[in-house]
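Each of the two complexes below includes chain A, the first together with chain B, the second together with chain C.
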Partner chain A sequence: MAVEGAVASRSGLRSALPLLAPAYLWLTVAIFLPLSAMVFFSFMTELPLSGKPWAFTLGNYAAFFSQSLYLTLLLASLRLGLEVTLWCVVIGYPAAYVLAKVLKGRSREAIFLLVILPFWSNGLVRIFSWAMVLRQGGILDTALNAVLPFKINIDLMYSYPAVIIGLVHSYVPYMVLTCYLTLQAIDDSLIEAGRSLGASRLQVLKRVIIPLSMPGLVAGAALIFVPVVGSFMEPRILGGRTGTFYGTVIEDQFVAVFNWPLGAALSFILLAVVLVILAVASPVLRRAA
Partner chain B sequence: MAGVQVSNVSRSFGAHKALDDVSIDFADGGFYALLGPSGSGKTTLLRQIAGFDFPDSGRIAIGGESVERVPVEKRRIGMVFQNYALFPNMSVADNVAFGLSVRGEAKPVIATEVQRALDLVQLGKLGGRRPHQLSGGQRQRVALARAIVTKPRVLLLDEPLGALDKALRVDMQIELKRIQREIGITTIFVTHDQEEALTMSDRIGILRDGRVVQEGPPEEIYDRPKSEFAATFLGDANIFRGDSTGNGIRLPDGTAIAAGVGATLAAGAKASCAVRPERIRIATDGGASDGNANTLKGQVSKRIFAGNNSTYFVERAGQTLKVIVQNTGADRLAEGQDVVLRWSPESTVLIAAG
Partner chain C sequence: MRMPRLTALLTATAVFTTALTLAASAAEVHVLNWKGYGADEPWAVEAFEKATGNKVVNDFFNSEQEMLTKIRTNPGLYDVVMINAAFNDQAIAEKLIQPIDTSKLPNYADISKDKAGSPMLDHDGKVYGVPWVWGLTALAINEKSFDKPPTSIAEMWDAAHKGRVVIRDDAVEAVQFGAIATGQNINDIKDMDSVKTKLTSLMPQIKTFWSSENDWNQMVASNQIDIGTYWSGSADRAKTHFKLPVSLVIPREGAVAWLDAFSIPAGSKNVEGAQAFINYMIDPKFYVEWVTKVGAPVSANTKAVEALPEDSFNRKVMGDPEVAKRIQFQAPITDAQREAYLALWQQLKVDVK
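On to the complex of A and B.
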């Protein structure tokens, strides 16, 4: 029986090969090759394409440790990632709950579309529209002053909150979607069972729903935290001079200073840090779930 | 513990009346079955009592206390769901402990009570398992233990055995009945299985299209159904339709059938008679005609042998009648044979045409 099973699964794998091949080819060409080129660059003194003489070095990695600026910026970016993720949970989870458990039929579809919309709009358009909303004399400022009896000045442009707002807006759909999927899978009768046993809505939420939707929260958090830590567009456009983060420094190396090796080294340090954080966090989160 | 009074409760979904002026008095400590076809409003009625849904009109009282404005979690009910609804993120023991724990009971108290409840459903050793590691019957027991550990005033069960196979179902019926008797809790049990309703309950309420068709002890409903629907839904019945003669009916072909029980009807009104298949005697000859028995001639069209008994299908004036005969070893009748059917008026229930 066991042998037969092994044979069957091997022949299953063989028949699956033609199906898997395109995926592997794509992964090789689109991710593995460029990424290995970048690993290669990160150990060079100069970019070989520039024509200058080059040699192997660890200097690009050493640069990170020799200047405290990089560490400071990395910590700032990690904090940014954490804050944006938290706001996405605070905004996205209740939205997902309402979508999955309260709304039905057409109204659910309509709200869903509203949630997904930022997903489909161009990132730059999204960010510049926030710029128009947040700046002094902008839409938010004008609207609030039109409604409120007293004069206030809203100028969030080029500030940390502006960066947070822009990033949360860009990334909250991930949280809504992952949480929606796990919440959707929770049978309503579990909620009713909890209430029939004397638990208030809040107790049911705390003891049943949140633990059961943990996988969605974790997946959403990972999907948001990682790109936000390396983000550069929102910080640069909405943050202005306050918007210098680890991601913008990496971007500078590639588009302004043309020091690709340093940029590559800084990215891989970020990747390593993020992987360590995820590795440390995952058992804790798994236990919570 | 407490009884439940449902008075004139109606509940509509859009234009559809799921419950239409339902009144039932569920006695303290009784085992009550709500029986009806799918869509008849059984679940809806149970949800009104539990407090998951609220009636458009009417009153519901538990233990004499009106509960219309009391939310589910304050009603002190226990509920067992058809799909068990065990919390998959908790162990069996934690599932059972849930109700006590949200109430803020002390840890040692919870541990003792949980163990007692698990012992009661004979799962004392499985507290550490996860729900997905249990069989269907075991999950059902956990759901029951979880529902009764908080000592609720009423136990509500919505087709709790529906997902189990036949043998396990019968085991669980006996088990459930034992536990119910042991703790003496008022129990309302929803089922669409008439046999289950008959064997388990002290009283049965038959629902149809959101209305209570008939309500009473199983024997009473079985022996004296008040409608054709009740007669055919609870057990099997032969139905004759004709015009009332006051103490029976006259069939369209002129044959009179005398009825000894049932409604009192004015002569001439449309009426039916119901006769249970096991009350009819079947014979091949015209002899042994006892005085006032109802007698019909017919022809056997089919026989189904079921071991301890046989069911004969007898054709008579375009109607197929069912007769159940105990297997006493006497001669069996062949298909196509002419037969005479006899039964007493006391076995014949007169029913107003519905």
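On to the complex of A and C.
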């Protein structure tokens, strides 16, 4: 957004147009038009495709408020989003720090490759691999029992932790990549200056490194939080009895009962809630950054 | 995040179906059915094409609602559509399907009388659906977990199986299963509260909600479950083709039965080809091959079932008159009921979280 503003203020909009046009054309065709169609559907009693008579209604939005279950699930999904984001920070940030500041040359390239490797496989394949690892008698259970002298029983499959593990694994590379970029940009001499002026390692981390890498943390958190709140595939496959979330209920409306208007309305309520959260959080985060 | 993808899918489907409409010609038979459900078997398509000169074009649906929408929005495109008998009424009411001249279907005479005369398929003396196959949603067990197969549906609630029970993620099926467990008629549930109470007490027993045959079979293969609801044809397939320790239990309280039938959409451009295709689908030769190669539900054609080996599951177990007495066939349900069932089911799933 900052770049865009700078270009416009230099009154270079005309010269920038050919550069911006492909992206905006693509966004219009691929995002804006379909999304508008969905907004339209969400105010209908029946899908026009169904051939039945239809009318405009607010009933689909009212349905959200008339039943407590949607709110319960929305809160559960928001909690899931927060937890997954938190774990991604805990796991991703130190990894990004090591990549940016400790490793050099070949070893950095090799580790970097390992971090982005999960991106190259299909999401469904990753989730089914976790199913094989986490279940009772699965890879983790068998391996631990082969090594440990006592018998333990690992059966994480079809549980809330399984959903967290699957989602964190899918999204942690975003955190590593965004934090890596900001951490790498920190001038080493700033850290050295801090140290030479008597700051402990912890103080340097708190006063220099974290504040300077905050934009990366914020960008990573937003990139992770938003899709996780709406996720449905991972909870359905890994969550079992506990895998009902807001996203799975929306999926049911589209796939199981073919009630697209209600599904669309539920999706836009989610979109609105996520936008409100990001809007409320942004001043705080901007100050922090 | 999910919206653009779904809408893109919608657009792609619209473009694709338009392309199909343009490509339709008289010598083609356009068939609408579930994917992997007999009509699209390559060997069957090849045999039919060789015998009749018609070319088969398969299209698929993922839910009954989607199937109805596809016929509504593409009049004249499809020649044959597979409709669960419980949805036939709705298709007739909307004038989506036409009466079938059964005299053009030599195999129709061998359809069992109770199926051919089903009031769900016949209206005003006209036949709107040709019964194809039927099956059960009953229980199946992991043989490793039982010395002796259970006989009662109550086994699902037994504390010994806590965390090792599965049920399909389908609102209608779950509610009807609850009706059987509380001794009610699945098509006329009087006491919804007792169904809800019964299902509520089942939820903590459950490991996960299955949605495909593959889910079920994998959980048995890795010995993670003891018992759960399952389809009769799938249990048979699991045992005979995947060699899994699965056996079907038809509890003494009863089971949910469904009947699948073929219809001809109004405005079909190739009624003759459609008749030939339906006749081929209910032919004993096709059925025996389907059962042997893939595994299938029970044919509505008595001669087709008789052509199976005497000890085959579809003949011995499903043909048992004792079984016939305690199963209940699904009748049509309204959209309002379906949405009420879904609301109940979602509430149950949220409460157990």
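Note that in this section the second predicted complex is superposed on the first by the 277 of 289 C-alpha atoms of A that agree within 3 Å, B and C clash if a C-alpha of one lies under 4 Å from a C-alpha of the other, contacts with A are read in each partner's own complex, and residues count from 1 in each chain.
Everything that follows uses one rule, which is that a contact is a pair of C-beta atoms (placed from the backbone, for glycine too) under 8 Å apart; a residue touches a chain by one contact, two chains touch by 3 or more.
Keep in mind the model is a prediction, meaning the values are calculated, not measured.
Applying the stated clash criterion after superposition on chain A shows that chain B and chain C can sit side by side.
In the superposition on chain A, A:A199 makes contact with chain B only, while chain C stays out of contact range. Contacts of A:A272 after superposition: neither chain B nor chain C is touched. Touch criterion met: A:M38 reaches chain C, while chain B stays clear of it. In the superposition on chain A, A:P211 makes contact with chain B only, not with chain C.
After overlaying the two complexes on the shared chain, residue contacts for A:Q136 are found with chain C alone; chain B is out of touch. In the superposed model, A:S189 lies in contact with chain B only, and not with chain C.
Note on chain A: of its two partners chain C and chain B, the one contacting more of its residues is C. Overlay on chain A (Cα): least separation between chain B and chain C is 34 Å.
Put simply, chain A touches chain B in their complex at residues 187, 189-190, 192-200, 203, 207-208, 211-212, 289.
On the chain A side of its complex with chain C, the touching residues are 30-31, 34-35, 37-38, 47, 49-51, 67, 69, 72-73, 76, 135-138, 157-158, 226-227, 230, 232, 236, 239-244, 247, 249-252, 254-259, 264, 267, 271. The residues of chain B lying in touch with chain A in their complex are 50, 52, 71-74, 76-79, 81, 83, 85-89, 98-99, 102-103, 146-147, 150, 156. Looking at the complex, you find that chain C touches chain A at residues 1-4, 6-8, 10-11, 62-63, 65-66, 68-69, 72-73, 94, 170-171, 203, 206-209, 211, 222-224, 338-339, 342-343, 346-347, 349-350, 352-353.
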